[in-house]
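Note that the chains are named A, B, C and D in the order they appear, and that numbering of residues resets to 1 at the start of each chain.
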Amino acid sequence: MAEKNPFFQSKEVKEFTKKIEQYHLGPLWEAIPDLMHKEPRPEAVPYLWKGETIRKLLLEATQIFTPERGGERRAIYLQNPGLKQRQPWGWASTTNTLYAAVQLILPGETAPSHRHTQNAMRFITDGKGAYSIVQGERLFMEEGDFLITPGGLWHGHSHPGEGPMFWMDCLDIPFIYATGGTFFEPYPDGIEPPSLPDDYSARKYRGGMVRPIGDRKPQVAPLGLYKWKQTEAALEGLSDFEPDPYDGIAVEYINPSNGQTANPNIGAWMQKLPVGYHSKAHRHTYSAIYHVFKGEGYTVINGIRFNWTKGDYFVIPNWAWHEHVNTSKEDALLFCANDLPIMEKLRLQREEAYPNNNGYQSVVGEFEAEVVRS
Amino acid sequence: MAEKNPFFQSKEVKEFTKKIEQYHLGPLWEAIPDLMHKEPRPEAVPYLWKGETIRKLLLEATQIFTPERGGERRAIYLQNPGLKQRQPWGWASTTNTLYAAVQLILPGETAPSHRHTQNAMRFITDGKGAYSIVQGERLFMEEGDFLITPGGLWHGHSHPGEGPMFWMDCLDIPFIYATGGTFFEPYPDGIEPPSLPDDYSARKYRGGMVRPIGDRKPQVAPLGLYKWKQTEAALEGLSDFEPDPYDGIAVEYINPSNGQTANPNIGAWMQKLPVGYHSKAHRHTYSAIYHVFKGEGYTVINGIRFNWTKGDYFVIPNWAWHEHVNTSKEDALLFCANDLPIMEKLRLQREEAYPNNNGYQSVVGEFEAEVVRS
Amino acid sequence: MAEKNPFFQSKEVKEFTKKIEQYHLGPLWEAIPDLMHKEPRPEAVPYLWKGETIRKLLLEATQIFTPERGGERRAIYLQNPGLKQRQPWGWASTTNTLYAAVQLILPGETAPSHRHTQNAMRFITDGKGAYSIVQGERLFMEEGDFLITPGGLWHGHSHPGEGPMFWMDCLDIPFIYATGGTFFEPYPDGIEPPSLPDDYSARKYRGGMVRPIGDRKPQVAPLGLYKWKQTEAALEGLSDFEPDPYDGIAVEYINPSNGQTANPNIGAWMQKLPVGYHSKAHRHTYSAIYHVFKGEGYTVINGIRFNWTKGDYFVIPNWAWHEHVNTSKEDALLFCANDLPIMEKLRLQREEAYPNNNGYQSVVGEFEAEVVRS
Amino acid sequence: MAEKNPFFQSKEVKEFTKKIEQYHLGPLWEAIPDLMHKEPRPEAVPYLWKGETIRKLLLEATQIFTPERGGERRAIYLQNPGLKQRQPWGWASTTNTLYAAVQLILPGETAPSHRHTQNAMRFITDGKGAYSIVQGERLFMEEGDFLITPGGLWHGHSHPGEGPMFWMDCLDIPFIYATGGTFFEPYPDGIEPPSLPDDYSARKYRGGMVRPIGDRKPQVAPLGLYKWKQTEAALEGLSDFEPDPYDGIAVEYINPSNGQTANPNIGAWMQKLPVGYHSKAHRHTYSAIYHVFKGEGYTVINGIRFNWTKGDYFVIPNWAWHEHVNTSKEDALLFCANDLPIMEKLRLQREEAYPNNNGYQSVVGEFEAEVVRS
């Protein structure tokens, strides 16, 4: 069914097709080849954005987008070139199901609270001192921290501290959009005021695999803030062991009330690639967005080499072959956000090891990143 | 966030937007109003197709699409007018997540086996004597029967009996497409041969809420064929009780191994509207596709009256107000396929009763169905 | 650890044991051999009670236990000879976890409503016309019907019809007793009055694997009465297929809201042994209580032959080898109540096929049933 | 049903009872009052054992129970005085469902590996340097550590370090015994040899609520050793917040793969009672065994005061009123093992606040602990 039947190009068929379309009816035989591929053919393509470019543009945006002029969040999102035509108004997400952006907040600024059916996460890449307030709990953020706001929770941001703060946002906007299930509600009056002790959940859960006994019932987000210090300790604990052949040493953020991913639809983990690490290649149904948190190296995606360095973002579309290489003299750290929970929930997850060449792809080209011209 | 900030239309902003788009970056403030609605604004619109029209066109198609000319299934699908521009190649599904079609098979014809990650169901509207073969089990079909082939199961069709057979197909093609998780595989050699007794699962489960003890483990489709006679008995059993204010007397097809919907992503049920029944209006996040199996009446969707009679198909998009009325002198029967399981799995399901006018909409117009001109 | 260390019989050890027992302390080495067997050594033994005996005694009891003299239920329970010393007051259950009894209700009698944490089931063996009222729903009973009242539900019985009615009761009394979690509460005022239509749930669910859409949420007992006619149809549906090598043709009563056993802790099914059927032998962790609903035959339990005929009851303790044989000229029907759900919940279920003699036990003796001397 | 009907004491009834007992049948009306209490009446009673006593006796036992003389574990178990007659051979567990013991291992000693269907846990009270080997992973233990070996896992112990080591064992022996589902198997050859890196799971999980991505599937014991340092940090994290009115500041050990209790049937947590803390009284269906890890104070159980100090053990039976008081000048730490998961799984868990006297019991007596006479 992958190839079109030449008969379907005949005049007779075309006329019949035209006829039935008057009645808002379509011929299945015409549509099937576009819809039923042998394997995933996502419109999203592999791509890499330079962190430096995004950073410069965001700083430039501070001159234009001031809080007085409105606009709730000062964020620039990553448009996958393959997805530009997907929605009628030219909007493009980062992978088929996920949207990613980089947000900048300056000291003294506030992003008012709202809630929506989309699930959201934040990974803090630069700065400290701002907080997110989630359901009345202020969560103070610093580099390396991971935060979640699953669908339905009130959240806003404010920066009472010093210096600019940048973070990565990731939401399942395109996925929820596709279902037709979007609901959005602004908080009645600016930013929600605190109603819980600061960093309440992070402090409650800082002991690892023990849980306050008041939190025994499954909840959507018993823990909102995953501190970098703990993620670092986890990676350290694993460092003597053999790294995974595909993902190095990797730890995933989990919901302590059910052992599932921290966010219902967005998986997230931190991967450490030890010095000299060169993974084998594989592919999987889920798509992934990477942020380079430390070090430099490259990732080969479908035969093309994508060089990366601290601050960059890159995309691995569904079912694309990929392998990671650390070329630094130190461990590299890659933060990964992905739609694995969606694929698991829908029984779509599959994975394959690259079958040739001892598990390594042949590199047939190199991606040239676009750097800001200024 | 529902309205655009006029400042975002300024020259300064437009230039900045243009500038960053060179780097495949987009301004969040621009995209948000299109993506984050206060409540669902599906592109799908309410619509109704006359059964007679579809039937005539399908019979006409038998002259063009013969098995020798290829084409796996002779089916015409329902294109929602609001979704026509959704995919670049002009394909349109029936609701945002679901695709529905009407299929015709003639005596002596065979539709070869295949399997795919999409979930599928069939509701038999006319004729008998054909079978679907699902994972080696031939399921003989007749009017009113309901069949499922959840993602991953081999299935093909053949018609060794007499007379044309028509059925409704419904698949979650657009939803799976949106995830990027499509896999499709043709059966190596035409139609799969039988490897189980005919109607095996239907006969195993014909006693109601008792289950063969060999089937204790949760399975994706322990029962593949739900016979009309049993559905009818269930509706009969409920007929003395008060009908539901919104859906009359309704029974849902379930998976006997886990008590969930028969199909993982597609809900399906049969609704009986007693003589004189006029439901109250409500709306819900999930979308629904209806087939009129018996009787005549009308449904008011967002204030527009859609008259229906046996054989017709109509669509209720996400979050649209709707109420059903039976104007026949007999009970009316509506078969409903919907994406309720998707909404439940993703925590998106919400429901509201129509708050005004004692629960009934004001009718502000009437839909005029297009009838085939031949 | 199966055998006792002779050293533990020494004077030195005995004195030490005696010494520490003053402080309510015990030596682990002494207790372990009794507690930690290589495999289950239940105190329950295989046993068979003649239906005729129980029936006669129950009829005799009607002269003594009249409603005026009090006593909530006129029932005689099956005391497993191996369990007689288990509880200090000499009470004995039927298997280690289950209690079974035969209850008789006469026309005009009423058993007041109560509720408790134990789970209960009833299988109707003789008569018709009485009802159980469960949470306000009167369930009218006849031969072959199966009823459940999971823990926490109000239930009482009354007999407005004709002729005596007998049924089998089975509860998880010893199991709940062992946990220390017994709660019991009498209904404030005799028998609960009806608040739902009669046979409400049985009629709602009579269509097989379709469910009223109002019943979508998992519930503890959406269906309270499983009519014999449906069980019979289910067995009929399976009759052309190969019977299970151990249990013939068997169908299990399920909860339509979750696909699990109808009762949370007590499994129940009906087994049909076709004419000439002789099962292979196996054993499993769970224990079972059988009632012979139709036909005659025998069951070999741990090498002893237990002959049975319509109306009898017999017990298969945990981990006992057993095989069933139908010696009638018609199909035999065995109703089975068991603690399989307990074993599954606690990860204790194991099963083994008899490894010798082509799967059949050597019969080394025959059980002689005690018949009432009157 | 709480009181016996005097008629049941009549000669007529007694004769009938005697008659039917010949046939191994019992009268329900006789048994019910003993089995169906209004609320839990566990045979277990509140009790307290002095740590000093147990310690002295265990050290004395080292003279008698040497490894050469056999005996797999040198442990003394806590016999609840109320349960002494429960089993025919005089064995007594600590609560109705749980068994607790104190084990002593000396340098150079080894307890061979075995596995069984019972679930086990260890809490390390004194010493360090020994290890448990669980499924090939050596887990090195020190004071305050918590270890689990759920049913089915191989485990043995060895002490290559210095000084005696004491720990608390808790198993669900009586509960599994009651089901008839005991299986036990010695390791073929002494203690299992290591096949994984030492402390593998503890190091893998030391980062708190992040999990190695290789451990995504639910497992029975992905983490075997919960280090004291992490439990301490968790308690510290919670110390600024309001303590629970009944249990102070408490953190529960969890299974990171499903968010449930670390052990399937045995709950375990550490409670910190701040200086001056006096809890309110409540009662719950589940029973609990406490070890005093630090500090001194008392617990009022059903009106009796039980004074405790570091090293002691005490029991709160099902449904007993209790409140805890810290009388130290430092925080007190109580380790709690309980059968809450059993009660939750079986839908038996209930809880009540003490309704009188502003939530505090009247103390009507004081328990006098038995101290070893030597």
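Everything below uses one rule, namely that a residue touches a chain if its C-beta (ideal position, glycine included) is under 8 Å from a C-beta of that chain, and two chains touch if they have at least 3 such contacts.
According to UniProt, the chain labels map to these proteins: A, B, C, D = Cupin domain-containing protein.
It should be emphasised that the depicted structure is a prediction, and the values quoted were computed from it without experimental measurement.
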(request) Report back the single chain whose CA centre is most distant from the CA centre of chain C. (result) A
(request) Give, as an integer number of Å, the spacing between the C-alpha centres of chain C and chain B. (result) 44
(message) Rounded to a whole Å, what is the gap between the Cα centroids of chain C and chain D?
(response) 31
(request) Report, in whole Å, the distance between the mean C-alpha point of chain A and the mean C-alpha point of chain C. (result) 54
(message) By the document's touch definition, which label belongs to this structure's chain graph: line, ring, star, complete, or other?
(response) ring
(request) Can you check the complex and tell me which residues of chain C touch chain D? (result) 1-2, 5, 7-8, 12-13, 16, 19-29, 31-32, 34-42, 44, 47, 49, 53-54, 57, 60-61, 64-65, 69-81, 85-89, 91-92, 95-97, 101, 103, 114, 116-118, 151-152, 173-186, 220, 264-265, 285, 287, 317-319, 339, 342-343, 345-348, 350, 370, 372
(message) Which stretch or stretches of chain C touch chain B in the complex?
(response) 197, 200, 202-214, 216, 218, 223, 226-227, 230-238, 240-241, 244, 247, 250-260, 262, 269-270
